[in-house]
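Chain IDs A, B and C follow the sequence of writing; residue 1 opens each chain.
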Amino acid sequence: MVWSGKIEVRTRGRGTREITEAVQGAVAESGIEQGLCTVFVHHTSASLIINENADPAVQRDLEAFLSRLVPEGDPIFTHTAEGPDDMPSHVKNVLTQTSLAIPIERGRCDLGTWQGIYLWEHRRAPHSRRVSITVLGS
Amino acid sequence: MVWSGKIEVRTRGRGTREITEAVQGAVAESGIEQGLCTVFVHHTSASLIINENADPAVQRDLEAFLSRLVPEGDPIFTHTAEGPDDMPSHVKNVLTQTSLAIPIERGRCDLGTWQGIYLWEHRRAPHSRRVSITVLGS
Amino acid sequence: MVWSGKIEVRTRGRGTREITEAVQGAVAESGIEQGLCTVFVHHTSASLIINENADPAVQRDLEAFLSRLVPEGDPIFTHTAEGPDDMPSHVKNVLTQTSLAIPIERGRCDLGTWQGIYLWEHRRAPHSRRVSITVLGS
């Protein structure tokens, strides 16, 4: 069995937004009990991660670390026509994930106790991000 | 066809442990000859990679590089309640992988000659890590 | 339904090569209309990414950034027998991807407007790289 659906994620500019509930809702809608859920973001300046969803400071620290590692205004970048935050966004994208694959057990993504699924916006401005969810199994 | 199973990986603190044999064993047990094997770690301070398994120095160098890139005691981190090695572990997790997808041919993960599958522990203390293996195919 | 195939990618040394057309061709050949396409590189010193394919400067900037982040000749590396560009290649591999998973809709990889699929060669010398494409769906 194959099921696929799309969600739209509105971001508030740089930082992560948790989408765990939306993904779990899609898996429930698919009716698939055992198998695999993949999540895919259709953009090159936003990405996906799975990380701790207990303490919000974790998400802030992830953002702070990655934005220091890949700073705006780095003279190494020549692709600057779309703004100083564009090329760093592409780098952050390749250092994190465009797709995630999560096992499904008993009709739900079998995440660890502290695991949440996040869309990570890398641009400064709020964006509307398109995310596909594909569920395979039985 | 869908098959899923779990393994537990005991780590010795920071560094990688090869799990290639355990994953190949799971694929053999699944009876699936052609398809896809995904591996998923249910934690946010350990991750998964595929890398060279010929010279053990490669794994040591990976650990040395990543631990220098994401050092303990970095003043940028505010999530410090769980110890100085906790937040660096979350960063290392997002810079590597929570899940892997490997093609299956003739009943085995079709890895390259030098490719091994590793669980990467990022905490200082030994842990028991839960890993799921999902096999899809025919 | 499961379909699998292989492509060989000839690289020109360090840098990315777009393989979007080859992957779309494999999906077309599979005859699968809805499901998941995974791409896997059978090497530990080349990797896969999805990133912007509009302006070639993006790919050059990605290469420049990653090669500065993981430089040759770093004294932290002990695995140097295969040349100064070998261990940095392994690090770059784990910081990017060995496999990608892309949703299939209407018989094609459902990529975003600016998304291209790239093989990233990390060695200085040209190589022939083996890539597997696995398609699951109906």
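List of remarks:
Just so we're on the same page, contacts are C-beta pairs under 8 Å (C-beta built on N, C-alpha and C of every residue); 3 or more make two chains touch, one makes a residue touch a chain.
Remember, predicted model here, so these are calculated numbers, not experimental data.
Interchain contacts join each chain to each other chain, per the touch definition above. As for how the two copies subunit A and subunit B face one another, under half of their interface residue numbers coincide. Here the CA centre of subunit A is 20 Å from the CA centre of subunit B.
Along subunit C, residues 69, 95, 97, 101, 136 each make contact with two or more other chains. Of all residues in subunit B, only 34-36, 49-52, 55, 57-58, 60-62, 64-66, 68-69, 95-97, 100-103, 105, 110-115, 136-138 touch subunit C in the complex they form.
The residues of subunit C lying in touch with subunit B in their complex are 2, 4, 38, 40-44, 69-70, 74, 76-79, 81, 87, 90-91, 93-95, 97-99, 101, 130, 132, 134, 136.
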